[in-house]
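Below are two complexes that have chain A in common, paired first with chain B and then with chain C.
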Partner chain A sequence: MTTPQAQQAEAVSVDAPPRAARLTWRRFRREPLGVAALAVLVLLVIAAIAAPLLADYPAGYGDTVLAPPSGAHWFGTDSLGLDVFAEVVWGAQQSLLVAAAASLIAIVFGTLLAVIGAYFRRVDAVISVVVDLTLSLPILPLMILVAALVGPSTMTIILVIAAFSWPEVTRVVRSQALSVVRLPYVDAARLMTGSPVWIIRRHVVPAVMPLVLVSVVLTSSRAVLSAAGLAFLGLGDPNTWSWGRILYEAQQAGAMSTAWWLPLFPSLAIFLLVLASTLLSTAYNDARNPRRNK
Partner chain B sequence: MSLFLFVLKRVGRGLLTLWFAVTVTFLLLRLLPGDPALAVANPNMTRETRAALLTQYGLEESLPVQYVKYLWQLLQGNLGISFHQNTEVTTVLMERLPWTLLLAASSLLVTVVVGIPLGVLAASRRGGLWDRFVQIVAVTGQSLFVPSLGILLLYVFGLQLNWFPIGGAYTDGTYGGEWYLSVISHLVLPCLSLVFAQLGAYVLTMRSSLIDALGEDYVVLANANGLPARRVLWKHALRNALLPTTTLVGLQLGFVVGGAVLIETVYAYPGIGRGIYEAVTQLDFPVLQGAFLLLAVTVVAVNMITDIAYGILDPRVKAAS
Partner chain C sequence: MTSRPRRTAAIAVTAAAVSIATFAACAPSAPTEGGGGGAAVTDATLTIATTTDVVNYNPFVGNSRSDYWITNLMYPHLLSIGPDGEKAPELAEKWGYVDDTTGYYEIRSGMKWSDGTPLTAKDVAYSLNAVKRDKPAGTLTGQLTNFESATAVSDTRVELKLSAPDSTVVPEVGFWGNVVPQHVFEPAGSVATFANDGKDGGWVSAGPYVLTEVQRGQSYTMERVDNYPLVDGGKPKAAKVVYRVYPDVNTEILGLKNGDVDVIANALPPAQVKGLQGTQGITVEEIPGLGYAHMTYNMNKPDLAKKEVRQALAYAVDYNAIRKVVLADQAVSTGSSPIMPVLKDYHDDSIKEYEFDPEKSKQLLTDAGYKTDGSLKFRLIYSLQDPVTTQWATLVKDGAAKAGVTIELQGLERNTYLAKTDAGDFDIYAGNFAIMDDPATNMALTYLPGGVINYSYVDDPELSSLIEQARVTFERDEQKPLLQKAAKVVRDNVYDNVMYTQNLYVAHRSDWSGFVVKPSELLSIVNPISVASATKSESQ
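Now for the complex of A and B:
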């Protein structure tokens, strides 16, 4: 049995992390831009999940071609007469799915490599060279080459984006992990256990977690831009609507110049998502570390 | 001597990056399902035709042999034959490269010329209205999808106001000075799109590094000595704050190239990017491969030059490496 003091100490140590999180949350709530950004992101996610309820899947041909926005078609219709609102809503689903899946893979892989590299210095040399080399190459043309070779599908796009997004995650997380590994409590843990896996899981990963959270948001928003870029060049999944594909189809049909609503609404969707992600991550950083800003 | 070593190191790094790019490309081409021989050939071809094609492309040999041959060909500047146009990829791409370079370089120049004063303005009026405004412009530019920006400018200034042409790089049938003028007027909109997309990074970096510099002891001393505030800002603080902005040129290069690829597609600008777009539609793998390698060489070369310039400007960098 443990003594009351020990029990109390344990209770405090268990309580500590949520208290820090609550403090961050309380500061975060006072930042109007951050809260607005979070609201926009939540709305976009809800729209993506509820796409089947909001609009019928746009397929086939519609009756009125290139109609401007009206009560019947909020965002107008495209050159096949399809409802642009439905395309944007269903596009949100595809775009967010790609972003979530690609950034999840990139984050897990990138964080793992960063943490392992920080802990085992011999592996680190190889990892950091690969990261440096990949980051100094023009990534979009490389993604285009791979996507064209494999053939466009949702899976291809997710994997291609993930494959070239992890180095950025590793670069960011690695520098933080390196400074954590040098801290005395990690040395103390080394004396206590021979298991690096335990030390990494118990000490290094929690220490880099806030950075990883920010990375999730930023990597996803960059993934949306990359996916839109690939789709805009004709490398999107031809069977599903995405924001990039709406722009691509409009460009192919030569309708950009006459129908302003065709490029406007998917562009706004991408803009809102990326802007909200940027503002959210800035607000979160400020709330966590209030001294850093002013 | 130490400068020589520093330059040598950077050149070696550049060559290593290029070798990495080439090897990745080779592995992608050989290991991914889009078999180049299958891509050119009719699906109904006989086994003999397929075998002949494999021999022609050197695909029946072992991977290491293919790799050495691939490297050897690249060293001679041979990027293969375009599937679609049946001409050398090098010729096709070299015709397009100057346009992409013009677009990227002009956008970089305008970004630096506009971005640095804006960053200084924001930093010197920190927390004020101008600071807010500049930050909003910067973050907006960074959040826009580059083609969206291109389409917006095209719609407003090309189609509605009719100030600038909406596609291509020059007007056919013009000569001499008139031709140069048409090149500039065709360049304005795609260039401005890229400027707006890049501006945020420069403005925000300039702003934060100048704010840091303004907090340094030597600035406090200069102010205490009664030097005019403008002189302290522009002469003392800015000089030191400029260095991190110089490194941005190298860091942002990959992004600029990606942006140029997309913007050239919007404006039908005859550079490498438009070439990539056309090659994607025709599944012209040699062109895609060559375009990536050529852009990689360009990016690595410019990166190397900015790195070396940075090392000369700031002796600490040279000493640290």
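Now for the complex of A and C:
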């Protein structure tokens, strides 16, 4: 009795991705904010990748210290006379790397736990408790503690941020996965195979994928904020430029109030990235589920 | 025992030393300009900005800058210091040696604690003996190595018994040690653990002010003590001193510009000095440096045990750029010698600084059998709470890269940094000392095996013997050549890479004047005599 339904559902789920993707894209193109956000993100990524073409790596020291923005130095110079534009461009590389790596780890780990939890109800109790527990921890002080004890490096920062970002993903994805697992087609799949891995991979994960995509964007924008926060506290990697490090050095040099361009440009970059990510994920979500918002 | 001098040192970023003012009690010889010439406001409140809370009210264990500044206004030192490191009278009027193993201080008579109890030689003897016995983690403990005991032979004379001849004990202990009230500290037991947090009816002071009200994270209010003979007229000028806690130097500068505070106690970041010098209503004072910033190479590491490698590193630092850019030309080269030019009497200007020559570094490394393709790696630690070092650390890294050496920067939160320094967990250490006033004492602490700040782990018999000899030489003319020879050994073998003495700048509102400048950020214009002498003029 359930078989035809299940087959139909499967047929939809197999064929759905390309069709749904095309539909989503068509709807997405009609969201001006979403398109603009995407453009900003693409620009930032291009800037990060093309950093060597855009500016020389800021190293050593420059001639004019704390010079305001001018033709020679678009974003002015810092207290060592280095070009702030170059720092922001090269900082994009580090900031985006941390964002991508940390959110990737958090997403993979978080999604895995979410679908396992949703599928195996007995494990779910444990996972839920761990998630609730982690979510209730004061994250920033803990991140500071860990980063301070281990010592600042890019790897530390990625791991620290990932370690405190996955529960959010798990919680969101799990709630969706739970409803998917209860759908008839998953019951049907259970009749067809005894392998939970196959069912999770083939049916559960694809069903929660849109949500995961939204989470990727949101988690990485949050990762950028956390990384900048840590770097501002001096816990960033001192060997590479990041937006947080520019802010940190401005603060250390006591130049925050006298050289407005030092805090402004890296903050602007962070702001743009976070705003664009949020708008993009909202637009994507709307495009994917048109019924929800209209 | 291990943590003292470094502690104060790290705290105080760098010292400073060229005061134009006389350091003796009264009459500031360099009254600050500005002022507007109005009549002095009587009973004004002097508001001072700091960036840290008081962690410890016990001067023997004090650790943060605020600890030092606030306890210094209550617990007097026996000796003060001049811009060239020469000691000057404070509580003690005379000091010296009776013989090789007996020192003495003659203190002022008629001094009183704020509760009315007279301050006598007994308090001095108690303070020194208690520190020797309990070994609190402050700077003084390190100065007491050859000190055995102190006895009050009269109300104004203390005699010190030494376990071995040591010409440095009397001046150094006199300068670094605070005198505390015996009748308050003794009932509390060990001075290493006594919090002195005023919970038993407040504080007792023999300085110009006494702490009366504490609002953690906000402010520390101190009231004037009427009898303070060390200042002109015997009474401090401002009725109240309020230390206000600010999050960082940026907000302090804003506070000063707005008139919320009268003085910023912390030294200004070098890049901010020019801007503030040109700001109306604000006066910037130069604080002479009396310490140095340096890097040490951990000789317990096999690569750094080789002289050629250390020399290669010394040639790979652009010292001029560091002083010019990071320190905005506010620092003086020491010629890579641990005896800085400010110690005029001891400095040897025939000792020359290592020049920046990456090619020479490469040559030295190649000759020593190393590749210069970046495969030789060292880890440099520094404190993140020290913005100047944080900035030049990147220049050190860039310079070494030119010589084909990779330096990995490890900026650490201050307590982690101190712990790693203590444990020798570093290849290269970058840091600074606020006050290195006495070459013999400092070289003993820095270069003798087992010395508490021997961060290069140097153990050179020739050097050790020179320092030991200098320590027991009481005549300066005989001591000088020994110390200069030792400094040359240190420089030539790169047992230490001393980079500069920084002259600091502090800012105050121009309607305040009369400050007495003393070397180092610890004393600067917030030393007791300066605070007690400052006056506010009526109008601007």
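Just so it is clear, the second predicted complex is superposed on the first by the 277 of 294 C-alpha atoms of A that agree within 3 Å, B and C clash if a C-alpha of one lies under 4 Å from a C-alpha of the other, contacts with A are read in each partner's own complex, and residues count from 1 in each chain.
As a working rule, contacts are C-beta pairs under 8 Å (C-beta built on N, C-alpha and C of every residue); 3 or more make two chains touch, one makes a residue touch a chain.
As the structure is a computational prediction, the values presented were derived from the model and not from experiment.
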First, second, both or neither for A:N239, with chain B first and chain C second: second
Which of chain B and chain C A:A255 touches, first, second, both or neither: second
Chain B versus chain C as contact partner of A:P210, first or second or both or neither: neither
Superposed model, chain A: greater residue contact from chain B or chain C: B
Chain B versus chain C as contact partner of A:Y61, first or second or both or neither: second
Partner chain in contact with A:P196 - chain B first, chain C second, else both or neither: neither
Which of chain B and chain C A:A148 touches, first, second, both or neither: both
Which superposed partner A:P69 touches (first chain B, second chain C, both, neither): neither
Touching partner for A:G81 - first (chain B), second (chain C), both, neither: second
Chain B and chain C contact sites that coincide on chain A, given as residue numbers: 148-149, 151, 234-235, 251, 256-257
Of all residues in chain A, those that touch chain C in their complex: 59-62, 65-66, 79-81, 148-149, 151-152, 234-235, 238-239, 249, 251-258
Complex interface listing, chain B residues touching chain A: 16-17, 20-21, 24-25, 28-29, 32-34, 139-140, 142-148, 151-152, 154-155, 159, 166, 250, 253-254, 257-258, 261-262, 265-266, 276-277, 279-281, 283, 285, 288-289, 291-292, 295-296, 299-300, 303
Chain A - residues contacting chain B, complex: 133-142, 144-146, 148-151, 225, 228-229, 232-235, 247, 251, 256-257, 260, 263, 267, 270-271, 274-275, 278-279
Touch list for chain C against partner chain A, complex: 248-250, 253-254, 268-269, 271-272, 275, 321, 325-326, 328, 384, 387, 390-391, 393-395, 397-398, 408-413, 416
